[in-house]
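Please see the structure below; I have some questions.
For clarity, chains are labelled A, B, C and D in written order, and residue numbers in each chain start from 1.
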Amino acid sequence: MPIPKPQLYPPFNIVRLSHVELLVTDLGKSRAFYVDTLGLQVTDETSDVIYLRALEERGHHCIVLRKAAAGEARHLGFKVFDEEDLDRAAAFFGGRELPVEWVERPYQGKTFQTRDPQGIPLEFYCKMDRLPPIHQQYALYKGVKPLRIDHFNVFSQNVDEAVAFYNEIGFRVTEYTEDEESGRLWAAWAHRKGGVHDIAFTNGRGPRLHHTAFWVPTPLAIIDLLDLMSTTGWLQNIERGPGRHGISNAFFLYVRDPDGHRIEIYCSDYQTVDPDLEPIKWDLKDPQRQTLWGAPAPRSWFHEGSLFSGAELTDSDLAAQPIIAP
Amino acid sequence: MPIPKPQLYPPFNIVRLSHVELLVTDLGKSRAFYVDTLGLQVTDETSDVIYLRALEERGHHCIVLRKAAAGEARHLGFKVFDEEDLDRAAAFFGGRELPVEWVERPYQGKTFQTRDPQGIPLEFYCKMDRLPPIHQQYALYKGVKPLRIDHFNVFSQNVDEAVAFYNEIGFRVTEYTEDEESGRLWAAWAHRKGGVHDIAFTNGRGPRLHHTAFWVPTPLAIIDLLDLMSTTGWLQNIERGPGRHGISNAFFLYVRDPDGHRIEIYCSDYQTVDPDLEPIKWDLKDPQRQTLWGAPAPRSWFHEGSLFSGAELTDSDLAAQPIIAP
Amino acid sequence: MPIPKPQLYPPFNIVRLSHVELLVTDLGKSRAFYVDTLGLQVTDETSDVIYLRALEERGHHCIVLRKAAAGEARHLGFKVFDEEDLDRAAAFFGGRELPVEWVERPYQGKTFQTRDPQGIPLEFYCKMDRLPPIHQQYALYKGVKPLRIDHFNVFSQNVDEAVAFYNEIGFRVTEYTEDEESGRLWAAWAHRKGGVHDIAFTNGRGPRLHHTAFWVPTPLAIIDLLDLMSTTGWLQNIERGPGRHGISNAFFLYVRDPDGHRIEIYCSDYQTVDPDLEPIKWDLKDPQRQTLWGAPAPRSWFHEGSLFSGAELTDSDLAAQPIIAP
Amino acid sequence: MPIPKPQLYPPFNIVRLSHVELLVTDLGKSRAFYVDTLGLQVTDETSDVIYLRALEERGHHCIVLRKAAAGEARHLGFKVFDEEDLDRAAAFFGGRELPVEWVERPYQGKTFQTRDPQGIPLEFYCKMDRLPPIHQQYALYKGVKPLRIDHFNVFSQNVDEAVAFYNEIGFRVTEYTEDEESGRLWAAWAHRKGGVHDIAFTNGRGPRLHHTAFWVPTPLAIIDLLDLMSTTGWLQNIERGPGRHGISNAFFLYVRDPDGHRIEIYCSDYQTVDPDLEPIKWDLKDPQRQTLWGAPAPRSWFHEGSLFSGAELTDSDLAAQPIIAP
C-alpha cells in the first residue's frame, strides 16, 4: 500500500506530542534514572508520582512516572492548538466509535482520553500549566542535558492501517520502510511539529510502546551519558548505540529504565515543515536504514517493548512476535 | 507598546522564510565565500547568477547571488502553504494598498512580489523545484556545514509598527527587548516555522537587511569555520563572535561576505511550536541579552547593513542612524 | 608474572614511535583510503610509494605505503633522541644477537633495521627531514583530521616476554590485563612519549600487527569519519566502534584499509610523563576493559592482523590462533 | 637575541610543572570558583587551606589555596625525575647563588624552595602522595571538566634573560614572538613535558604570574563553562575568549578567580617531544599570534597579574608597565 497523500487540512490541529505517563514499580529507582542520570527536572513529586520536564520545555510535564505494580505505558499525550480543536478531536474520535472520556489531569486543562484503532491509549488537551523558562539556568544542565521530548515509537501489528489513521488526523509521513515484495509498509515516521516524527510505527507484535525519545544538543552529550551510565551502575541499561540512523539521519542512543521502558536519546534530525516534503523511501533489505554505519541492533531492540495499559497481549502473542528485520 | 496578542488564525499561512536574493559585485569572489568557504551547494549557475542551497534543504535555492553594480538585498522570500494561501496573501497585500506584482522566477511556481509597510521588498510563492535529498551525502559537507536557512534580521525605524504588521500576518513574537523608559520595542524576534524566529526587527536606520542566518549542526562547526576563514584570507570578514546570545540562546558567529552582506552562523535555539508560548522580555539595559557571556559587539555590527533594492537611504540618513545599544 | 619495574635509565633514549611502512596491493585504492578519506597529507609519491604525514607532524612521514604483491607490515619505525642514542641502540640489539643492518631510507638520516626477539621488524633513526608546519593551514583539514601517529598494537605469542624486552629498552607500562588464574599478562600498553602507549602487546598468534593508531582532535571528528565512510563506499571497512575503551580511556574507532591493515582512530587518553605513574591493572574477566560502554568487539577484531614481512606464519598457525578474550 | 640552542642534556631532569600555591582572601569564595564552578576535586581541606587535583591527575595537588590577607602567588612547583635530580637541582640553584631552602610540604617528599634570577619563587620535589585514579569516575566530571594542570605564564621584565635561564635547566622553546626592530624576545613558550609549554614568559612589569592553565577535553567544555559562569553570578570573572591562539594553536578561555588570579582553560595544542622540533617565530606586529581569529584581548589581560610572594612591585612600577602589544 503506498504512503497516503498528506491530509493538509486535517479535522483538528495537533501541535505536537506532549507527554507520556509511565507506570513504574520503584519510584526511587526511576528517579535515580530519569533525574540523577538523564538530567530531567522534577516539577512535582509525591510518594506516588513524579512529574518531569526537559530543559527547554515550559509545559509542566513531558513524563509522568506513577508507582504501580507493573511497568506499563499508561497513555501517550498530545497537545492540540486550542479548545475548538480539542472539541473537534473529541468529536472525531467519537465519530469513529472510539472511546472518548473527559478526565481530570493535574496541571492540564480540559483533557479527554481515547484509544486509536489499534488500542493505543491517547490523551488530548490544549492547555497545560506553563512554567518559567529554565533553558538559561545552566547550573541545571546535567546528565545528557535533555532539551525536549521528541517522539514516540510504537510496535504496530499493521503499519499500513496505523499510518492511514494518523495520516487522516494530520500526521505527515517523512520516511518509511517498504517491504518490496509484499508492497506493505514495514515502518513509518510521521510528524506534526516540523521534525522527522512525533510518532513512528514499526512492524511488531502490538500495540506496544517501543520507545520515547528526548532531543539533546549534540552527540557529545550522548557520549557523556554513556560514560556516566557505564561508571555509575547503569551499564546493563545501555541497549544500543551510539550510532547514526539512516532513517531520520539522527545520532542516537537507546537506554532502558529500571522497568525496561526504552528511552531514545536523539539529536540532529532535520526540519520538515514544508507541506510538499517528499517522504524518503527505504528498502527493508537495506541495513543502513537502521544504522548508517552498519552496526546491527541487538535482538532485544527488535523484540521488547512496553505494554500499554488496557492493551495487554498474551504471552503467546509475544512469543509469536516476528523479528522486525533480518 | 506591548507585544500584540498572537494572530492565531492569520489571513494566510506562511510556512517559513525561504530565500534571499543578494546583489553582489563580483560573482567569483562571492562564490569563493559562499561555496568554498561556507560550504553552500550550487544548484545552478550562469555568468550572472548563482543559486545555492544548504545541505538539508530540498527546495532549489535559499540564496540567489546576482551580479550587479552594487551590493544590495533584492528581496526576502517566503513560502506559503498552498496556492490558495498565495492568492489570499496577494489579496491581503493588495488590500493594504501595498504593491503586488506577479513575477516569473526561475525554479519557482506562481510568485508575487510586494513590499511591507516599511518598504522591505518581499516575495511569496508556494511551489519551488524540489531536488533530491543530499543530507546523507557526507562527502559534500564542507566549511561550516550549513544545514538550512534559519532567519532574516532587519533594521527597522519603528519596531512597534513592524511587529504589529508581521503579527497580523501570523508571525508570533518569541523574545523582545523593551526600552523600559519609553515603553517602546527596541527589537523583536518572530517566527512561523517553530524556532525562535523567521524574521527579527532591530531598531536602526532602515529598512536595511542586518543579516541572513544559517543553521549549523554544532558549535564545533562554527569553530571550524573560524579556523578556516582566519587562515585562508577571510580574517577581515569575521565580524563578531563566537558567542552565545542571551536572546534566542543560540551559539552564533557573524561574518561578512565580499560585499559586506552579513551572514550569521547559528545553532541551538529552541522549539517554539506551542501557540501559548510566552514571549521572553529583555531589558534594553541588560547587556547579556546580546551576549550571554558579556563580550560586547563591535561598532560595525550596530551600524552597518545591506540596503534593500528600491529602498535606498540617503547618506545623511545613515549618518544620523542611532546606536542600537550602549 | 608481575609487571617489571620500569627501567628509568634505559640503554638508549627512544623519543617516540615514528612511522610504519605498509605493503599494499593497489596504491590508488590505498591513496583513496588514507588521503581522500582519512585526510592524511601526501609528502611524496611515485608510482611505487606514497609518503604521508598527519597534520601536526613536521617529520616527513608517519606512514609509507609501498606497492607490493601482498599486504604486509614491513617495519615499525622509532625515533631516538640523538646519534649517540642511535649507536647505543644498534649496540644493544647487536649485543642480544639480534640482526642489525644499517640501511638507506629516503628522507631519513642514519637508520638501522633489526628485529625484536619475537621477530617484529623494527627500524631506528634520529633524524628525519623536517617539513614546515601545516597545523594552522586549516584548509587542509579533511576526513578525520588526523593530527599525529599515536601508537602500534601487535599480537604477541608471549606478552610477558614482549613486555620484559620493551621494558628493558625504556618503555613504561601504563595499563595491563592479567589472567588472574595463570598470573600471566594477557595484554599490556607501554609508552615512551607521555601518552598511554607507543606500543601495546596483545595475546594472539603472532607476531602480527594488530593496528596503527592516529590521534584526532575530538570524538566529533570520528563521527564525521563514520558518516563519510558509510556514504562513500567504505561501509564494509568500518570494523568496530565508536566507543570508549576502558583501558586508556580513549574514544576510538577501528577501520580497515583496502588490504585489511587495521587503523585505529583515537583520542582523549591521558598524560603519563610521571616516572612513578602506577600501571592500572584490569582483570581479563572484566568486559569494560575493552569497551567501557559494554558493546562487544566483532570476531574479526580478535583474530585478524597484518603479517610482518619476513615473519610469516603458516596457515595452521593462524588457524590455531586463540581467541583473545571470552 | 636569538633563541638559544636547546640544552639537550640539562643539569637535572624536570618532568613537568606540577602545582601552584595561591593566597586567597576568602576560602569559601575560592572554593565556589575552583570546585563548584571549574570542577576541580578537593583532596584535602581545613579552615586555612584547600588542596585540589584535576580529573586525570594522580598526584595529590595541582593547586593549593591558602587563606591570607591578600591575593598572591606563593610559589610555582615543579616535579623532577628522581631524588638524584632533586639534589642536582638544589646544587645547581645554590651554585648560582640563588637561595635554596629545604622545606616540609604536606603530601610532598623532600622539597626545596628557591627563586629564579628574576625573583619568581619556585619549589622542586620528586615525590608527591599518589591517589587512586578517578578519570573514569564520570560522575565527578563537572564544570569545565579540568583534566590536568597544563602551564604557567609569567610577566618578565627581560624575556631574553628568562629564556636563557630556563633553557639552561632544560626547557625547550616551542614558539616565540620577536620584536623585529630591536631583535629582542617579546614572549616565549617553553616546555618539558611534551606540549607547547610548561612555562611561558611575556614582556611586562614583573615578575608576576599572568596565569595558570588547565587542560580540558574539548572546546565544548569551554562553552559549557561560559554558559555556567554567565548564569551563576560569575559573569564579571570572564575576561577573554573563547578563541584560538595563533601561538600554540590552542582553543582558550581566560577567567579570573575571586582574588583576580587568572586561570586559562586550554585545549588542543600539539605534541612537542621531538628534540629537533623547530621553534615557531611570530612577529610582534602580527595580531593573529594572539588570536588567530582576530578579536583583540581586553586591556586588563595585558596589564594585570598576580604578585609573587616576596617579589612585590611598587605601585609606580606597576603604573609604568608597558603595554604588551598594540
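One rule holds in what follows: contacts are C-beta pairs under 8 Å (C-beta built on N, C-alpha and C of every residue); 3 or more make two chains touch, one makes a residue touch a chain.
As the structure is a prediction and not an experimental result, all values here were calculated from the model.
The chain with its CA mean position farthest from that of chain B is C.
Should one ask which of B-C and C-D has more C-beta pairs in contact, the pair is C-D.
Chain B and chain D have Cα centroids lying 44 Å from one another.
For the pair chain C and chain D, the distance between C-alpha centroids works out to 33 Å. A separation of 50 Å divides the Cα centre of chain B from that of chain C.
Residue positions of chain D touching 2 or more other chains, listed in rising order: 136, 218-220, 227, 230-231, 292.
Partner chain D is touched in their complex by these residues of chain A: 136-139, 141, 218, 220, 224, 227-228, 230-232. Within the complex, the chain B residues that touch chain D are 218-220, 223, 226-227, 229-231, 235-236, 238, 242, 244, 251, 288, 292-294.
Residue ranges on chain D touching chain C, taken from their complex, read 8, 15-16, 56, 58-59, 79, 81-82, 127, 130, 133, 135-136, 147-148, 193-194, 217-220, 246, 249, 268, 270-271, 273-278, 280, 292.
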